[in-house]
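The data blocks that follow each hold one structure.
What follows is subunit A paired twice: with subunit B in the first complex and subunit C in the second.
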Partner chain A sequence: MQTQSMFGTKAEGLLLMQQRSRVSMFWKMIFIFATAIAILFLLLLLVSVIDSIFGYTVIRNEVDVPELVSGASSLDDLSRSQLEETARDNLSSGILRRVEYEKPIAEQSDRELRALIEQYIIKPSVLRSWGLWDSITKQDEIGAYMANQEDSYLIFKSWITPDFLTNDQSANPLNAGIRTALLGSLWIIAITFLLAFPIGVGSAIYLEEYADDTKLNRMLQLNIFNLSAVPSIIYGLLGLAVFVRAMEGVTSGAIFSAVADTTANGRTILSGGLTLGLLVLPIIIINTQEALKGVPDTLRMSSYGVGATKWQTIWSHVLPVSFDRILTGTILALSRALGETAPLVVIGASTFISVDPSSIFSKFTTLPIQIYQWSARPQGSYRNIAAAAIIVLLVLLLVLNSGAIYLRDILSKKKRMAA
Partner chain B sequence: MTQRSITHPFGKKRRLHERVIETILFLFALFSIMITVGIAVILIRESFLFFSTPEVTLVGFFTGKTWQPMIDMFGFLPLLNATITTSVIAMLFAIPLGLFVAIYLAEYATDKVRGRLKPILEVLAGIPTIVYGYFALTFMTPLLRSIFGQETVEIYNTASAGLVIGILVLPMIATMAEDAISAVPKELRLAGLALGGTPIETTFRVVIPAALSGLSATFLLALSRAIGETMIVALAAGAGPNMTFNPFEAAETITGYIVRISGGDVSYNSVDYNSIFALGLVLFIITFTLNLISRKVSSLFYQEYE
Partner chain C sequence: MKVMQAAAEESFEFLGKSEAVENQEIITLEDVNIHYGSFHAVKNASLPIYEKQVTAFIGPSGCGKSTVLRSINRMNDMIRGATIDGKVLFHGHDLYAKDVDPVLIRRSIGMVFQKPNPFPKSIYENITWGAKINGFKGDYNELVETSLQKAALWDEVKDKLKENALRLSGGQQQRLCIARTLAVQPEVILMDEPASALDPIATGRIEELILELKKYYTIVIVTHNMGQASRVSDNTAFFMVDEGRTGYLEEYAPTEQLFLNPTHKKTEEYISGKFG
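For the complex of A and B:
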């Protein structure tokens, strides 16, 4: 029996219902699929980096160890006297003179001597490298490649090693390290923090606690939102024109007669840190405002009630209560500065420095800039060290962020205990 | 800035040092205005120097199809064209995907799933852009080349850069769009369901239209982010201006050009040096306008729900 309704028969109605629920299911699938793709990209990103830091590498030595000292198969077999002898006999006179001048061979440790011999005498160079995936799946191809090679050997190499963290920069990817870049990043972050934290927190306190709803204050707030969305490269141009060029006397240290090296010309750590300070300032202000908004008004009222002035209330009640969230917000902003590349390239970070930065007036390079430089080179093995540097950067960010969360937990626990 | 319901009992009649502190804090807040003014003044001043160079004309700058400073050709259209190409590719990729993720998170995912997924998106958003640039160069480009053929896809190309910019802005779109969708009051959904709509019909015909202002503001902000993105295009899109509409060819964007020129040692007051500021000004105006429109859109169509 069919029941009639204004939408047709019952069977037609059921059919329509089925159709509509099928459409529902279809779209739900699409939504889940989209989310899966978004997560997939995060995985791909990590996998593609990790893939590049391990793998088979073909290395050719200019001179092999047995040719230097008969009977020895690697540098580790050599005794102290053999090491010294090898270094003296085989180093070219110019390099030998420089080495003796900087630190005499007799005074160098065994480890330093081995590094010296490897760098200047054995001179290993990478002929070709494969990623982890290719190393596992394309063993035939690697074997075929090796069959055609002479005087070279195949090793399974991890590109991220303790030496990679502590070595100087080098033109040879095998010896290159990121010590100067790491130090540069840390110096820059310190300057960034010193500029942006006081000004940022101060601005946020003004906007949240003092500002009336006037036109000027509304403009201040709107301006901060706009600044937070200005592309970072624009800050680089600002830093180039103001810190590097107009304030060259200050940022190069010439005014304080504290020039660290004569070639920096205002392209110093100070300029870089100040530029990034301006960049993260709006972020710190917004984060701190959020933290202050979380403080209940009852706290302010009770403080006023016992006769505290406005600043006393802010200093002894509002700030201590919101301090954990202000700190977390600041650390998040600093981790943004740590990964920032474009503004520092624009203000002219050095690409190759072999001396550690010694003061705020030194030339500098940072971790992201190293990654940029190495990624941009066409030779394969630079990609490997770029990936290794990326891992270091990501670990650093992870430590910073989890440190922020840890600190917040400790501080909020303390707060609850005190309450 | 939130308007507090309480004020200090003594109001403005406060001790001197209290007023000093307030003034200092106010000056701190003014500092951010100085940044904006500084950016504007410097970009305009250096651009003025650029346009007063005899070889450069305003008309030539905005209509010229060749950017070759070596032979005094300063038409910025190829740079703008590449910027638009990468941004459009990024948006075509990220807007639908980000919107779908947002709908899933806001309307379908359980609290437990949402609690797991949102941190993942935050991690994705916290990765420095240089890492995305590396990803574009070592993963996306080889992928595109293996799909479309080595001959069609150049080693440096705007498609790869655009897609990776899309991945970069995806978490931003997803989280902001989720906020916009979640802000739609529950009553509207219930009304839609009570009228017999399926969940998906309610989402598409009731919730999304109600969240439209927040969504369009999100998309505009994401577009502005894509236009200003630098390191991905610097690594993957290629060096050298190229007037092409083919996304598989190399073409330099505005940001890519600024980074390449300033990365080398440019001497002050040269045309090269001034040109990066003129291009910076164009970039600043475009992104600033987009940000302002985005703010206006979200307040203009903002509906107050009871």
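For the complex of A and C:
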């Protein structure tokens, strides 16, 4: 009887229940709403990028192919001898001299010759372009525009093409590609990994498995957390002072007598990779520590119980159990490095290079830098190729991240299968 | 250190060991005090542990019996902030002397834990790993078979030695942990509530096993189960906890005497179930 009176009558209880489930439902709606907004913004981003890389484009050639070779409608129709002849006859003498000096026309492939002719003789330029949405909805306007145009033609262009991946940089957005930037990004990530993975995992093992709970170690831990939150541009300034300036002899390759042909002093791949390595080091340390914390102490104890040393315990039991999480943490940290722009701008990434990086002492540019450069230019077509480069960068990040998830799944499935 | 090595060598010939002299002290605790940081966990524990007998540690929660147990093979070293004063003698040699390597101690004084904790590896590797890191040079197949046989597990797992140990039942896992400890051929086995996570049938098998193993090994067992202590042990140490939550040894006696004729009032109250 007493308990009944403490909780009120049955009717009151029912009423309260309804009220409680209403509140519960209200919060559920709030959370769904938050998720929906987040997804909406992500979709908007994707849509706006995709809108920029497809669409109708009006192009005007300075010289058309039929004017060069009568009877031919495009460069693909020309024979080898016609290509060589066209190039020799129409290139200005200065350019011809430079081309012959770098790589004689007779030695160039058909594809290279076509690119040469397009770049220096036909000289296509974009008069106007529409986004994907406008291309679909504003066909009347496009038609009216074309009616007033002469010497130009309309194509439906995809700015992201195989050529876009393999071409050099170029002053003409129609010919520009991201090969050097892509290679630069990959080189830099490799250096970042080589620096940050061993040092990061090593210090995490020390802090988590060996270090005593002293004031000094607690302070170290706190500072690692702080470092992981330091803005990336600060790392750029550090890299500029230490790697580019103070260690120029090393980072330019001078003391190894390995200075690249196109020397950039200390502003090399090595400097960029080391800077990004420092940037992700605290993240890798923290991720690895978390992975090691996930290993139950009973496993360590059972290893010590049969007379194992600390290292035998770590190597045979702790690392195999935590390896999948260490690896995922590292890959996620690297994908952050892949998207970094500010620190590389500060240490002096090149804005325009058409030479592939050939060693760690080469000049470099990376995808995010390239995107930044292109999107800062006034001409509209640069925005199109910036969008295309963004797609490439996003795909690269997606591959890295899903690779991390895939690896984690395989490794933990292996553990489960074994279990 | 010579004593330690001699002991280690001796323990390799565990099967052919000569009969133990009755009531030979193998381990002696002298005035052991253990602190966790500033917390005084155990005070002035002194007791002998006899060779090839089972010694049980009983007492209410928080009385420090597991702490004392872990001090015997220096497992407390692994706990941050744990310090120990006093002496733990093994064959008359202080285990906390400066020149003693705790790794070597743990080979001679093995440990079985409360929760079964096999390595997440195959049953076979669970047995061989400890032997391998300690430089075992014999036949591994034989080692696996004899260790599992002594732990009364061989018949159940002989056809699935390559399977992961975590697939075994809790009771089987615990016997595997015992087998794993036996494989490095220790002299003493410390058991920290080895059956508390198991069902009654599995518990019964562990108890049978303890009685069997005591022919070859010295066993120290911490248990909450007084029936278990009375069934398996030869000597019992009863620990109590004072007002400052510091544990101490209240009474130590042959098990029969402690359970039937306890001399201390608190012991009598505890074993008759008045508290704890």
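One rule holds for everything that comes next: the second predicted complex is superposed on the first by the 377 of 419 C-alpha atoms of A that agree within 3 Å, B and C clash if a C-alpha of one lies under 4 Å from a C-alpha of the other, contacts with A are read in each partner's own complex, and residues count from 1 in each chain.
Rule of thumb we're sticking to: a residue touches a chain if its C-beta (ideal position, glycine included) is under 8 Å from a C-beta of that chain, and two chains touch if they have at least 3 such contacts.
Just so it is clear, the model here is predicted, and its values are computed rather than measured.
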For this session: Would you check which partner chain A:225 touches, where first means subunit B only, second means subunit C only, and both and neither mean what they say?
Result: first
Exercise. Taking the superposition as given, does A:401 touch the first partner, subunit B, the second, subunit C, both, or neither?
Worked result: first
Problem set entry | First, second, both or neither for A:281, with subunit B first and subunit C second | first
Exercise. Where does A:29 make contact in the superposed view: on subunit B (first), on subunit C (second), on both, or on neither?
Worked result: neither
Exercise. Can A:316 be said to touch subunit B (first), subunit C (second), both, or neither?
Worked result: second
For this session: Report for A:306: first if it touches subunit B alone, second if subunit C alone, otherwise both or neither.
Result: second
For this session: Please determine whether it is subunit B or subunit C that touches the greater number of subunit A residues.
Result: B
Exercise. Between subunit B (first) and subunit C (second), which does A:213 come into contact with in this model arrangement: first, second, both, or neither?
Worked result: both
Problem set entry | Touching both subunit C and subunit B, counted on subunit A across the two superposed complexes | 213, 300-301, 304, 309
For this session: Going by the contact rule at the top, pick out the subunit C residues touching subunit A in the complex.
Result: 73, 75, 78, 80-81, 103-104, 106-107, 110-113, 115, 117-122, 129-130, 133-134, 164, 166-167, 177, 180-181, 183-184
Exercise. Considering the complex alone, what residue numbers of subunit B touch subunit A?
Worked result: 1-6, 8-10, 14-15, 17-18, 21-22, 24-26, 28-33, 35-36, 38-39, 42-43, 46, 96-97, 100-101, 103-105, 108-109, 117, 120-121, 123-124, 126-135, 137-139, 167, 170-171, 174, 198-201, 203-204, 221, 224-225, 227-231, 234-235, 255, 258-259, 262-263, 265, 268, 276-277, 280, 283-284, 287-288, 291-292, 295
Seminar exercise, completed: Residue set of subunit A touching subunit C in the complex reads 212-213, 296, 298-309, 312, 316-317, 320-321, 415, 418-419
Seminar exercise, completed: Counting only contacts in the complex, subunit A reaches subunit B at residues 20-21, 23-24, 27-28, 30-35, 37-39, 41-42, 44-45, 48-49, 52, 198-199, 202-203, 205-211, 213, 217-227, 229-238, 240-242, 245, 278, 281-282, 285, 289, 293, 297, 300-301, 304, 309-311, 313, 332, 335, 338-342, 345-348, 351, 368, 371-372, 375-376, 383, 386-387, 390, 393-394, 397, 401
